[in-house]
Structure formats: structure tokens, C-alpha cells
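Here it is: the structure, laid out below.
Chains here go by letter, A, B, C, D and E, matching the order in which they are written, and residues are numbered from 1 within each.
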Amino acid sequence: ADLLVAQAANFMPAMKEIIPVFEQQTGLEVDATYTSTGKLYGQIVNGAPFDVFLAADQRRPDKLFADGLCSEPFVYAKGQIVLWSLNPQLCKGDWTKAAQHTDAVKVAIANVENAPYGNAAMVAMQKAEIWDAMQSRLVFGQNIAQVFQYASTGAADAGFCAYSSVFTEQGQKGCFVEIPQAPDVIQAACILNSAPHSEAAAKFVEFLATPEVAAIKAKYGYK
Amino acid sequence: MSLNASIRKRLPHFELNVELCCAPGRLTALVGPSGAGKTTLVRLLAGLERPDQGVITMGDAVWVDTTRRRFVPTRKRGLGLVFQDYCLFPHLSVRQNVAFAATQEHRVDELMERFGIHHLQHRKPSAISGGERQRAAFCQALARNPSLLLLDEPFSALDAATREALRKELKDLKTSLDIPVIHVTHDLAEARYLGDTILPVVSGRVAPDWLERQYVPFLNTSDTLPEPS
Amino acid sequence: MSLNASIRKRLPHFELNVELCCAPGRLTALVGPSGAGKTTLVRLLAGLERPDQGVITMGDAVWVDTTRRRFVPTRKRGLGLVFQDYCLFPHLSVRQNVAFAATQEHRVDELMERFGIHHLQHRKPSAISGGERQRAAFCQALARNPSLLLLDEPFSALDAATREALRKELKDLKTSLDIPVIHVTHDLAEARYLGDTILPVVSGRVAPDWLERQYVPFLNTSDTLPEPS
Amino acid sequence: MDWSPLLLSAKLALLTTVLIPVAAAPLAYMLAFFRFPGKSLLDAFITLPMVLPPTVLGFGLLVCFGPNAFLGASWEQLFGQRLVFSFSAIVLASLIFNLPFAVQPMRASFEKLDSRLLESASILGLSRTAAFFRVVLPNCLGGLAAASILVFAHSLGEFGVILMVGGSIPGETKVASIAIFEAVEALRYDDAFRMSALLVPVSFVVLLIINRINQRDQ
Amino acid sequence: MDWSPLLLSAKLALLTTVLIPVAAAPLAYMLAFFRFPGKSLLDAFITLPMVLPPTVLGFGLLVCFGPNAFLGASWEQLFGQRLVFSFSAIVLASLIFNLPFAVQPMRASFEKLDSRLLESASILGLSRTAAFFRVVLPNCLGGLAAASILVFAHSLGEFGVILMVGGSIPGETKVASIAIFEAVEALRYDDAFRMSALLVPVSFVVLLIINRINQRDQ
């Protein structure tokens, strides 16, 4: 490949559309790997050969920048979490009720330490003062994609998913409720100093600012 | 007892066809050249080998009949069997081996006493000599009161004295046991001493003339008889 | 050749102490009761067993000396050995077994011919009879031109005719081989026929009187000699 | 430090090692000594969890254990509890993916058994079942020990399948291997190191014990 | 469909299966037939990767392979390439975690060898090395086959260690087990299914071939 992007799991649905467009325009071949932001950060610190890092928070790109591992980070998207379920019963009314509904035996959430979306869900529950009560129902995914997997297979009755996943084909099959208490997830990106393909990386970052990308991001609910 | 069986895997050149008339308390000695099928015959009688085709009857009972798809499994044939390379259960002591399928406890001691291995009863089979092992195998086979005793060269690992003692033992035993005994041996003298009937088998068939051809007792050709040093 | 060794694991009650004077081309027959330590002696000579304490010399060479921590490994002793329960290499054909350590190819055929197993040369050891296996083992041991031949009851699995033929073979061989042969047997007649020297061993020691006590040839007690049926 | 992942791992490994012979020994016996139609299919089917990437197996189990699948639904009916994401689920998963690791060494040692021993047993009148308990098992302790080493080790270390069906619930399904993974990924190297430092000697001791049993048998 | 994960997995499994006997056979031979001080320690040390959770092992290797550790630094000096997160790294890791799976069955089959065969070999004048190649190996094909089944299966299915030291770099370290995991997570079930559908029968065929070799040997 001519470019290797490490992306936070939540951005994957959008990236699936962004990459072909970029490839068509530049003729470059792009590979992407995704998992939680924290894991990608860990791999970068240990010398993983990525070019561009699309995180789900600002903290980790900032830290990389401070350590001299990447160029100056910039915000490329603002995301949100929602409570998603296959069960229509759970989408009637307030999210705190839905999360504590008797049908919601198991509720999936992303790892609160490594995945910013998991962290956002935790913050929302803490604000709503249901965090402690929810403990016995929570099931942890390694990243936001696994959370949606748990919810969409029905293994978990509901999941704190990325808003972007609601717009996927699977996401249409269920319902969701919004979570006003949840903070926006501000997502920053940067080019790694050790990037094996720095030119292509620069081109890709440039491309992220184009209207085409903005349209795709909007389609998946990013602000 | 009659046996008529072909088993191509082992005996491609001939088929076994032997009529054994062995009454309780009597011993039939089977002799014959190497490769005559003696061991195969014993294994067929024991049900350890299945004939490709054939019939094996024991008295009135049909043990094997390939045309009628009949096969009495080994364990239901009530046998005692001692092979030349018989192996005792390595995880059990000599005593436990003898007692393995014994019907009465006192018989175990009695047999071990009789075969001179009582003092070895707590050893593992790997820690006794070949001859001692063979005697233990004998005890094991007898301890379950079999209704037919099959012996395939059971004395081959023994020195002359022990062998002679065991032969005497067996001769006494066979009447007290009151079961038919079939004894394969390559020692004609032994066959003559023990057998009520001697059955020479060559290429799977009873061949009385073979016996006559053999009758040049080896010991008489004592052209060199050095003195003990 | 002298052997003075104690090996408590196998022989707790006595120690072996045997002086063997075996010239090239001559055969020493070792006889003795079961458990006398004959097999142990052979295994010690072959280096398959290490004595707890003792000295084994072969001519001028010291093979084992526990006080001087000397131990010549088996493979350097240049032996031919046939055990009663010798096992051939199961992954090789009879021919490959014989040729395994052979020095000359033509000798392989010659030996198999001589021992009457040439027609079985392409079979695996598992598909030949006990006697055939023993003959193959014999060929294997001889094919490497050993400088000492050790035989531990090598004829026990054979029928009388084959055994007699092999004995004759061995008798012819031993002069043409021109190496010392040590032959353990429990058959006194065999010992007398083959042995240039007969060495009776009882409890690990040479015991000439044992031989005399044995000298009641079994065949003469033919109280029952039934006719072949 | 949080001890619960280590305790969970130990519980899981012990339970699996104790329960698995019930299923594995009869299967190994059948495969070693019987001939029946479909034997090679059964053989391959049992070996499947060994060649499947744990993630494939894990996903399959995730679906089967879920409340919408037959197995998961029946479990909920029977025990009144959700199966998926529970400790029972990881024990079940552990039993399934360990089956070939138990069956293969057992079977190998059964097959290596001197056939004369089984012949002796049948001559002495033992049925096949009796022969299994009185002759086969005591002579195959080495194979059984090998099987338990493998199973114990595997259930202690299993990661992929449990990652899929467990859901990393602290005190319920977050076993040591997952806790260490999460700690490393979060760059909490000291935590990862401490847990490993405990797990390694414990595994070592278990290994030595099993090896000792194994040797005594020989 | 993207073939590279499948090709990578096949490459990894084959390389591991081919390379591992070089290290495993001598170790198994030593453990089976020699007595030396520290033998039980060596034994336990070799078995360690088997009992360690893959994540613990992966963590250890990640640290060793990193550019700041001795191994990682030397590698970079020698080959001018970063070791960690490279294909070489996952091959190395695969060799290490597969070692016990190769050594144990080999050793078991060496130990089960009829001791009379080795006695025969030494009587016939063979050195220990010659006896190994001419007598031990040909009579232990079953054990070798068992070892290769285990190793092949393991390197095909391994997930935890490779995830830790390899990351998930497409075309370099994203092997099938990881690709399937990600496909399932990303709800690309068709991709996951297609890859599994290819992986399973291929593994199956390899299994059957090895089983055939195994049986012929018996």
C-alpha cells in the first residue's frame, strides 16, 4: 500500500466511503487499520509503521505531538454517542430509562480507558447518576466497533454506540435514543513523524478538508 | 472342536483345516514346522484373529461362521491362554496380574506357590526374568478357571530344570483342571511327554507323516559331547 | 574375558563373578537355572547394563572399571547380539534390517540365503513368524562382522527341525567366523552339541556340580509315549 | 492490585481441566479402538476447534450463546440467567475449544498401547468398558497427564474466544489474559507486569506438578 | 475479497511448521534421552510459552522486539529494519509460542520408543546421532505428524500474540485470524464468512493429509 492509516473504530463507516474517493482521485492505494484510540496510541509509541493517526480524542494526538512523534494535530470530526438497540421497546422515551429497562439485561459499552466513546458513555451515565446502578448490566467491548457488534447480534440488548453506526445498513435495522448528557467527542488527527509515506500522508490530510469528505462526514452524523 | 478357516493376510498360500478332538482333562499337543500356522490357529481359536472365511466350532457351539456372520467375541469364550511372548499388565504387580481375573483369592496364592513365583508377588513384571514372567502368565491364565486352555510355546523361556518342573506341574494340572488343553510346542519330546494326542500340523493341515520324518531324536547325534569345563 | 560385577537393582542377592576363556572360533555355552543372572551377564558384557561396582575385561581391553570410572560404550565394543526377544527395526524390511549395519552387500544375501529367509526379504518384521524373526535377527547380528558374538537363547522360538538346522549352521559358522561366541541356552543338549566349553552358572557363579545334578536327560523318562494320532 | 482476573483464570482453568475428561475420554476411546461409519468425519469435527482461528469460533459461539439462538434461549429458560457474557459461557467455550487438545493426546496414547494388553484383557473375559478402566486408563496415565497439561495451559491462556463471548466484565469474565491485554494496550505496563509476574510462577508450579505425576508413571 | 490475510496466514503457518523442527527435534531428543543438571528447569522453560496467556507472552515479546530493547535494536542494526510490527516479528513470535507444541509430542513419542530398538542400534555400532536419524526419527513419524498438526493449527489460528507484536498491519501482519476478527467486528459478515469458508477447508485438508501420514506409519 502507498498509505497506512490508523483510525479510531468509530470513524470506520465513514472511512469506508472516504478511501475509495481518495484512491480514485490520487491513484494511491490506501490501507487502514482500526481499533480503539488507546490501542493505536500504544502501538504508535511502540514503533508501529503508520502514516496518519485518526484518533477519537484530542488527548492522545496532543501527547504524541508533545513527545515529538507527530506533526501538529488538527480536529477532523466531532462525534456523538447514542444508545442503540434491536429492541424497539428500548427506544421509547428517555435513554436513562431505556438503559435501566428490564429488557436491557446486558448493555454494551466500549472500554472506558482506551476508547474515547466508552469514556463519553461513562461520563454521560455519571452525569445522569446511573453509573453505579448500571454496573451489573455493563458488558465491555474492546472498541466501539465491538460494542456495535454485541448490540447488533443481540448478544447484548443495547449498546452505547457511535452515532455514525446508526447510518450503516445494520444500524438501520434497530432503533436509537440520543444522549443529551454525553459530551461531543472531539476527534483529532495527525501525521506521524516516522511515517514511511509522508508525502501521501500530507495529501490525505489535505483531502480530509475537502467538501467531498465533509459531505460523507455529515452523512454519518459527524459535526 | 473343528477349525476350517482361511485368513489371506497371514496365510496366503494355504488354509487351515484342523479337526481337534480334545476331551476335558486331555491335552492335545500341536507340533509342526515354523510358519505352519500354529500360532495363527491358536489366535483364531481365541478370537484374536478373524478369518476371511471359515467356520470354527467348539463342541456344539459355533464360535465363528463367516457365512452366517457369527462371531463369538474373545471374552465370551472362557479361555486361558499363554503365548510365548505373552505380556503381563505392566502397571500391576505379579500378584495383581495373577488375581486380575481370578475367581477365588486362595487360588491366586495356591497357583503362585505351585509355579514358584510367590516370593516375587510384589514385583512389577518388568523386574522379573523371562522365565518368571512366563510362569506368572501361566498363573494368570489358570486363575480364572478357564474352560479351554490354549498354550502357544509357553515354556520356551525356561531353563531345563524349571521347564521340566513346569511340565510335571502341567501334567498333574491337566487332569485336576478337567478342561481341554491345546498346547503348541516345537519340542517333540515335550509333545510326547505331555500330549494325550499329538497333532502334527504342516501348512495348516494335519500331516501325520511329518512326525515320522522328524523322529531322529536330536540327542542321539551326539558326535561332540565335551565335558563340562 | 572376565566379569566381576554387582548390580543391585537386578541381582540383590548375589554378584556375578565369571571368568570366561573364550578363544576365537570357539563357543562357550552358558547354562543355568532361571534367575541365575545369565541374561544380566550378557547385558553387562554388551554394555546395556552398568554395574554398580565391578570390572569387566575383554582380552587386554578393560571395558568397565567402576573404580577408574571407565566405561566403553556398547557401540564401540564391536558386538553381534541376538536376544530371545530381540526386536528388529519395525520400520525396515527384513532385508533392510539385515543390511542395517552390514559391511558388504553380498554378505547380506548370503546370510539370508543361509538362514532360509531370503524369500521373506521384502516383508516387514511384523508380518513374519516368530522363528523367521529370530533368524533375521541372527543375520543382522552377523552381517556387521562382529568381533564377539553374544547369543541369549536365540533358538527358543524355533521348531525342532529349523532349530536343528540352525544349530548345524551355527556350528559351521563358528569356525569360519573365527570370533568368540558366547551362547546362553537352557537346553543342555544344545549346549553339549554346540559348546566347546559348557559353563553352568548358578547365582552368578560358575557351578560345575549343577551340571551333574541336571544330567538326567529328560527324554529317558518317557513313561508316556503315545503314538501320533 | 486487582486480584479478580487471576482468580477467575485459575477457576476457569481448574474447572475446564476437571470437566473435560468426561467428554474427551470416551471420544478418544471411540476414535482409538472402534471402527464405525463416519469416524473420519467425527475425527475432523472434533479437531475443528483446533484449526479454527479463535475469533471464528468465538463469533460462532457468541451467536449460539445469545438470547436469540436456540442454545442461549434454552439456557435462559433452564437457569433463568443470560448465558452469553457470563462465567458459564466462558467455561462452556473453554470446554469446546479445549476438546481437541484433550482428545488428541489421549487418543495417541490409547493407540500406542501394546495391543497384546487388550488381547489379554479380552482373553481374561473383560468387556470393552471394563478393559478401558482396568487396562487402558492405568497404562495411559502419561497421555492423560499430557492432555491435562495442554488443557490447563490452554484454558489459562485462552484469549481470542473469551474476548468474543466474555465481554470483559470485571469479576465475571475479565480473566487474566484479557486484563493483561487491556493493561498493555492502555500502556499500564506496571499492572501488566505485576499480573504476569504472578501468573508465570503459578503456571510454572502447576507444570512441575503435572510433570512429576507424568514421570512417576513412567 | 482481500486475499492478503489468507496468504499471510498460510505463509506464516508453513514457515513455522517447516522451521520449527530445527529447534524442536534436538530439544525433544535431549529431554527424552539425556540426563543433565538443570533438565527439569529447561523442560519447564520450554513449556512456558504453552502455559502463558498469549497476551503475557505477547507483552514480553513486544518489549523485547521494540527498538529500545537489545533484541530489537540488534535486529535493526543487522537488517536495517524495524523488527516489531513486521512479518519477521510474527514469525519469530510464532516459533517461540509453538515450541512446546512441537517439543512435547515429539518427546512423548521418543520416550515411548521401545528401548530395545536403541539398544539394537548401539549394538550395531551406531552413534547417538546416527541412531537418532536412522532409528528414532523413522519410528516416530507419528509423533512428528502430531507435532506438525499442532504447530500448523496453532500458527494458523494464533491471535493474541500476533495481535500484540504484529498490530494489525495490512499486508504485513494482518493475518486471517485478525482479519476475521476485524471483519466480524465491523459487521462485514460476508467477508468474515468468506475468509473462514476458505480457511476451514484448507486447514481440514492439511489435517487430513497429516492424519494420513500418521496412519500409514502405524
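Quick note on the criterion: a residue touches a chain if its C-beta (ideal position, glycine included) is under 8 Å from a C-beta of that chain, and two chains touch if they have at least 3 such contacts.
By chain, with names taken from UniProt: B, C = Molybdate transport system ATP-binding protein; D, E = Molybdenum transport system permease.
From a predicted model like this one, the values you see are computed outputs, not experimental measurements.
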Which number of steps is the smallest that gets you from chain B over to chain D via touching chains? 1
Quickly list, by label, the chains bordering both chain A and chain D. E
Would you kindly say which chain has the C-alpha centre located farthest from the C-alpha centre of chain E? B
Which chain has its C-alpha centroid farthest away from the centroid of chain C? A
Chain A and chain E, separation of their C-alpha mean positions in angstrom: 36
Just how far, in Å, is the C-alpha centre of chain E from the one of chain D? 20
With centres defined as the mean C-alpha position, give me the chain A-chain C separation in Å. 81
Take the average of all CA coordinates in chain B, do the same for chain C, and state the distance between these two points in whole angstrom. 25
Please set out, as single numbers or ranges, the residues of chain B touching at least two other chains. 85
In chain E, residues with contacts to at least two other chains: 62, 184
Which residue numbers or ranges of chain A touch two or more of the other chains? none
All chain pairs that touch each other: A-D, A-E, B-C, B-D, C-E, D-E
Complex contacts: residues of chain E adjacent to chain C: 114, 116-117, 119-127, 134-135, 138-139
Interface with chain E, chain C side, in the complex: residues 46-48, 73-76, 78-81, 83, 85-92, 100-101, 140-141, 144
Listed in rising order, the residues of chain E that touch chain D in the complex are 40, 43-44, 47-48, 50-56, 58-60, 62, 104-105, 108, 111-112, 142, 146, 149-150, 152-153, 156-157, 159-160, 164, 176-178, 180-181, 184, 192, 196, 199-200, 203-204, 206-208, 211, 218
Can you list the chain E residues touching chain A in their complex? 62, 66-67, 82, 84-85, 167-171, 174, 182, 184-187
Under the definition above, what is the set of chain B residues touching chain C in their complex? 31-36, 39, 84-85, 127, 129-132, 153, 156-164, 186-189, 192-193, 195-200, 208, 211-212, 214, 217-219, 221-222, 224-226, 228-229
